[in-house]
Amino acid sequence: MDAIILQILNGLDKGSAYALIALGLTLIFGTLGVVNFAHGALFMIGAFCAVTLSKLLNLSFETIDPTQTDFLGNPLKVKTPYVIEWFGMDTGSAIIDWAVPLAILFSIPIMICVGFIMERGLIKHFYKREHADQILVTFGLAIVLQEVIKYFYGANPIPTPAPDVFKGSFDFGTMLGFDPNVIIYPYWRLVYFFFSAVVIGGVFAFLQFTTFGMVVRAGMADRETVGLLGINIDKRFTIMFGVAAAVAGLAGVMYAPINSPNYHMGMDFLVLSFVVVVVGGMGSLPGAVLAGFLLGILESFASMNEIKSLIPGIDQIIIYVVAIIILLTRPRGLMGRKGVMEE
Amino acid sequence: MGILEVKDVGKRFGGLQALGDVNLSVAENTVHAIIGPNGAGKSTLLNVLVGKLIPDTGSVMFDGQSVLGRKPYEINQMGISRVFQTPEIFIDLSVLENMMIPCFAKRDGSFRMHAIENMHDEKDIVEKAESMLEDMNMADKREMHAGSMSRGDKRRLEIGMCLAQEPRLLLLDEPTAGMARADTNNTIDLLKQIKDERDITIAIIEHDMHVVFSLAERITVLAQGTPLVEDTPENIKGHPKVREAYLGESA
Amino acid sequence: MSKTNMTRRGVLKTGAVAGAGVALPTIFTASSAAAYTNEPTGGSVTLGFNVPQTGPYADEGMDELRAQELAVEHLNGGGDGGMMNTFSSKALKGNGILGKKVEFVTGDTQTKSDAARASAKSMIEKDGAIMINGGSSSGVAIAVQGLCQDAGVIFMAGLTHSNDTTGKDKKANGFRHFFNGYMSGAALAPVLASAYGKDRNAYHLTADYTWGWTQQESIAAATEAMGWNTVNNVLTPLASTDFSSYIAPVLNSGADVLVLNHYGGNMVNSLTNAIQFGLRDKVVNGKNFEIVVPLYSELMAAGAGENVQGVIGSMNWNWQLQDEGSKAFVKSFGEKYGRPPSNSAHTCYVQTMLYADACERAGTFNPCGVAEALEGFEFDGMGNGPTLYRADDHQCFKDVLVMKGKDNPSNEYDTLEILEVTPRAQVEYAPDHPMFAGGDLGSCNAG
Amino acid sequence: MLGLNKKDMTLLIVVTILTLSAPFILNPFPTDSAMAQFNAGYPDLMQRFAIFGIFAIGFNLLFGLTGYLSFGHAAFLGVGSYSVVWMYKLLDYNVIWGLPLAIVTSGIFALLIGFVSMRRSGIYFSILTLAFAQMSFNLAYSVLTPITNGETGLQVYNNDPQVLMGANEASSPHLFGLVMNSSAKVGVGAWEFTFNNGYYFCGVIAILVFYLSIRIFRSPFGMMLRAIKSNQTRMAYTGLNPRPYTLAAFVISGMYAGLAGGLLASMDPLAGAERMQWTASGEVVLMTILGGAGTLMGPVLGAGFIKYFENIFSKINDTVLHNWFAFLPDGLEDFVVFLIHPFIGKGWHLTLGILFMLVVTFLPGGLVEGGQRIAAMIKRTKEDEDTPAKTEPAE
């Protein structure tokens, strides 16, 4: 029982990351009809926004301390971050400590700009092209983006810790009457879960309750008609691309403390996020969220020892098995519309 | 006993009764038109006939065999060909290739693996396709990209492709919809010619009364999913019920 | 020049193909006169450095490449000579190898067996490389080692830690300086026992592929011999990025030690995840919960950041060692590149030196001669104390370092501290030890 | 001749001549010149050109003709390789046993995967094939290690049965004694050309399967596949069942992939699990689109293009650059090297990514379209006529 609760928690947390990435992907697909293989790269850039802010806050000046030596035997250069110099030890280190949450604010304008530039500069020329061409060009873009990041930050993962207050884990077990340490969950992962719930809720509310969102939803359903009404749908779609990029970026910022960001983390999530989107149904926002959580939970269950001992290697393939079963029983994924991407 | 017998066919979409107790008999070697206002169930009926939809109740017999539950390609192989409202042709292929495909389908059935032969070495197929193009007055366009033709030519090609299969029943779904008057007249002439020259039954769904009365020998009027009346064109013209249900609005 | 594995019949057939297929040019030089693959004929000799330049291990590959370039510089008499001054063998004179200037070509393994073999082949076939050096995973090392055996060149393995490299998959043309899973276990177990006590329950998370299995087997055997109990061993998929679902059940299993048999990105993520769960703050069975990472590297430690603090693991070498050889190497590397070398850089540097030295001593580049010179070679002054290249399996035997994550690192390179230098005698094993059984060195191939 | 029309015959002859003379064409620079870095005429890379050419030709039979985009073809490549290496282990190093088996096993594998995946179309089909291939890769890397030797890759050990192994038989892959990795080198002046048995073996097979693919393109079957890509509705209402056609195309292209995988193991007797990974499937997709999907030559060009980058650009390092630009004054030399540095050696991915974007943006029909445009330009200037270039559907 405790193990199951634990894995449900795990699954919800994994699922929230999957759902966030898939949400942006399916948003772009649904509005623009573009298969964006560079979406994982947007997630990665988001994580590197957190890395960059953390590096900026740690920008230091050097003073030479003659009492200590470095590895070559020269006097050690001691680095002091400007932030600490300016704001004093306490405030300064607190600001550095909170780099990741601060990066949320820092990343939103950056990601929206990245999204705008991508859409206006490249993607818009591919609306009328075949999906295969879209895949190739966005895949090329993904490679370019990750190589640029690699050029500046190297291939090694860069530790980007969460603020100190979120260190350690919360003991759910004692709340539910289990022994201590039976059901524990890290604070930061709980934060991630609630954060993604808020972002997902925000996106849905935005589409549901604003005029802008209504037009976009209508455009997703029937682009020509909305165009005929004299509404400049293209401009709105550009904005939607920015929003999708921001959602992917936020997912990345908050993910940075969970796993140290590296330049290929986007590719690691690419296949998975496509599976999530397709299982949910291409172009369906609720489908993407549902499929994200479903696959997250099933993946967590598959990694339980009890299940692994029954079916060896099941955790290696569970995502794909589920994808195959769902696509064969529900032809257009969980909540897909007919006629999307079937030509 | 007609070549096509529709008995008590009903089809529901959620709360909407699209078809209710449709009975229809199409006699062999006639031109039978099905008319009716928008939403009368014409398209649903057509989709049932070609196997795209399965009705909730009733039976559809073609030449004594049931078509229900069969896939569209199987029904086609039984001898029913369909012409679509918007011409459905292979736009990426040449006109001759378009015409060769139904010839292959007629000769080889629904699947045959002939991956090594050169298609131009299939003399009987090429000859048949070319003579069919002659019949359609399209011989000069044989090397053309089918997608680059005018709409009227596409329609002509599609009808030719259906005829190349030597079907016993040709279903036409508003064949002149969206056409200019000249093209419409050409199509009427073509269909008349087909009717005169070939051993074929034609069922036509049409909105344009000019087309219907130029071609049809029998007319069924469909309204709200049920046949209102079936008769000859002359009688239909004067039928009060039809005037009320249909002609009145459209006139 | 290169004709790999040419049988007599092969020559005839090839001649026939060439004769039939193309009009032969008037100037025909059949170069089958060479005594072995890529025999250097001019004034220079070409070494092939095959390291990951793309993919997750690219930074490690970069560091290996730096060390190899440094070694070439030293061999050609440039720089301060580095370890050439401390090396117990004095055969190298700083005038290249056997009087020939050393040149090198590089290839990208991408950390994939196929790509690594392709780049090694291109260096052998196209650039005339006489040996291949480098690499940063066992799968790649074994694949390239097999290739070099077939092609008739020497393979000096870089970072490869699987027992199989010099066990089940050992080859006569392949040599490994790096330590292995068994040695990690043998070095770690006593230290772990004294640090954490003999009554411990270990929970293993193991990367689900060959290297992970051999390391897990080695560590479990060594710690069990000290009295530890292995509670569970869970295999984790290679592609995992999030290990939370494997780590969550650990606390409730009765285990009080978590052993992470992961490497590279897997290790960084699994350790980071384990620290997030606060495992090291917990008390289980009345003892502090501990985490062990059997194979450490500097880059992994840097990637995991403060999460490595207090975590014990093992290494082949570390720049903080204070022997003369290490100091000389760190100095010349640090002055050239402004950073201390990693342990895989050290291995690649030493391997290049050892190869050059063996050529000098053998008086030839012939792989069979070089192999003979390396087999049973005892040396010192290369940073690991007295070292033996064992003839039976081409494995180096030397001291192993037990490391611990530093609590207060002073800079980004100062993440680990040396806990103990385990003497060579303690990590030695018989060539027919069951974990290494099943292989066959075969005989050397000169092409 | 050979059942081909004049135009196809010319193409086949040109391809044959190019293939047979590749050792010359690919080595245009003298061995000791600075440009020798760009020579591709060494056995391993030439073999890869031929093998990945076969892989891409096969993939194009599915994707180029039917439009079904498979993301799982690498699985068949892997199955082919494993089959061949197993035959080495059980029988002997003669590739005659393994290659037919590779084609058969990959065909069966393709039939199973295709039968399930072909129930869906569009991206749903792509994801199904991707799922099957990733499952194969993950299992081959871990649980199936007894069959695949996991991370290390399947290889021959001295204690393998090898029941047919003769006393004097070569201990590396061969065809009845024709050892694959033996070569003859011919020096002509400053040039040196390598003639490798393995390359000619792959080359001849590549020509054969290229010929076969022309025949399939021109056959009624090929026309049916193009018809499916063009209009599935008309297909069904013409009494044709699309599924057996697409399934047959899937199986044929799977067999091509299996043959390519088998040849990889015939040139180099090791089968690594990585060749089944999705990135490997993605690579063949890129090759085909880059070269020009649906054309005869496109996939071959795309395969050559990508393999050339992978093997040649990745090996250019700073030292090489400094050698090239040594003639420049010191400061300028460093500056030029600094500018080029990010794009070569470890940056070859970046260059490839940029090229993908450029090609697909400006040449929607791939490299073949580029060639056609250049040809049309030449023609136009020659004839001095302003007729728009007509794009051929299948050329």
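Descriptive notes on the structure:
The chains carry the letters A, B, C and D, assigned in the order they are written, with residues numbered from 1 in each.
Basically, a contact is a pair of C-beta atoms (placed from the backbone, for glycine too) under 8 Å apart; a residue touches a chain by one contact, two chains touch by 3 or more.
Chains and their UniProt names: A = Amino acid/amide ABC transporter membrane protein 1, HAAT family; B = Amino acid/amide ABC transporter ATP-binding protein 1, HAAT family; D = Amino acid/amide ABC transporter membrane protein 2, HAAT family.
The shown structure was predicted, so the numbers you read here are calculated from the model rather than taken from an experiment.
Traced through touching neighbours, the fewest hops from chain A to chain B number 2.
Contact counts per chain pair peak at C-D.
Compared with chain D, the chain whose C-alpha mean position is the greatest distance off is B. Each chain gets a centre from the mean of its Cα atoms; for chain B and chain D, those two points are 46 Å apart.
Averaged C-alpha coordinates put the centre of chain B at 73 Å from the centre of chain C. We define each chain's centre as the mean of its Cα atoms; on that basis chain A and chain C are separated by 35 Å. For chain D, residues that reach two or more other chains under the stated contact definition are 138, 142-143, 349. Within chain A, residues 313, 316 each touch two or more of the remaining chains. All chain pairs that touch, listed by label, are A-C, A-D, B-D, C-D. In the complex of the two chains, the chain C residues touching chain D come out as 1-7, 9-11, 13-15, 17-18, 21-22, 24-25, 27-31, 53-54, 58, 61-62, 69, 104-108, 112-115, 117-119, 121-123, 125-127, 138-139, 142-143, 146-147, 150-151, 164, 168-169, 208-211, 235, 237-239, 438, 440, 442.
Of all residues in chain C, only 55-60, 62, 208, 232, 234-237, 239, 241-242, 244-246, 248-249, 251-252, 265, 268-269, 272-273, 276-278, 281-282, 284, 299, 302-307, 319-320, 330-331, 334-335, 340, 410-411, 413-414 touch chain A in the complex they form. Listed in rising order, the residues of chain D touching chain C in the complex are 20-21, 24, 39, 42-45, 48, 138, 141-143, 145, 149-153, 155, 157-159, 170-172, 174, 177-179, 181-189, 192, 194-195, 197, 200, 264, 268-270, 272, 274-275, 310-311, 314-315, 317, 319, 345-346, 348-349.
Residues 3-5, 215-216, 218-224, 226-227, 229-231, 233-241, 244-245, 248, 252, 393 of chain D are the ones that touch chain B when the two sit in their complex. Residues 35, 122, 125, 129, 131-133, 135-137, 139-144, 147-148, 151, 271, 274-275, 278, 282, 312-313, 316-317, 319-321, 323-324, 327-328, 331-333, 341-343 of chain A touch chain D in their complex.
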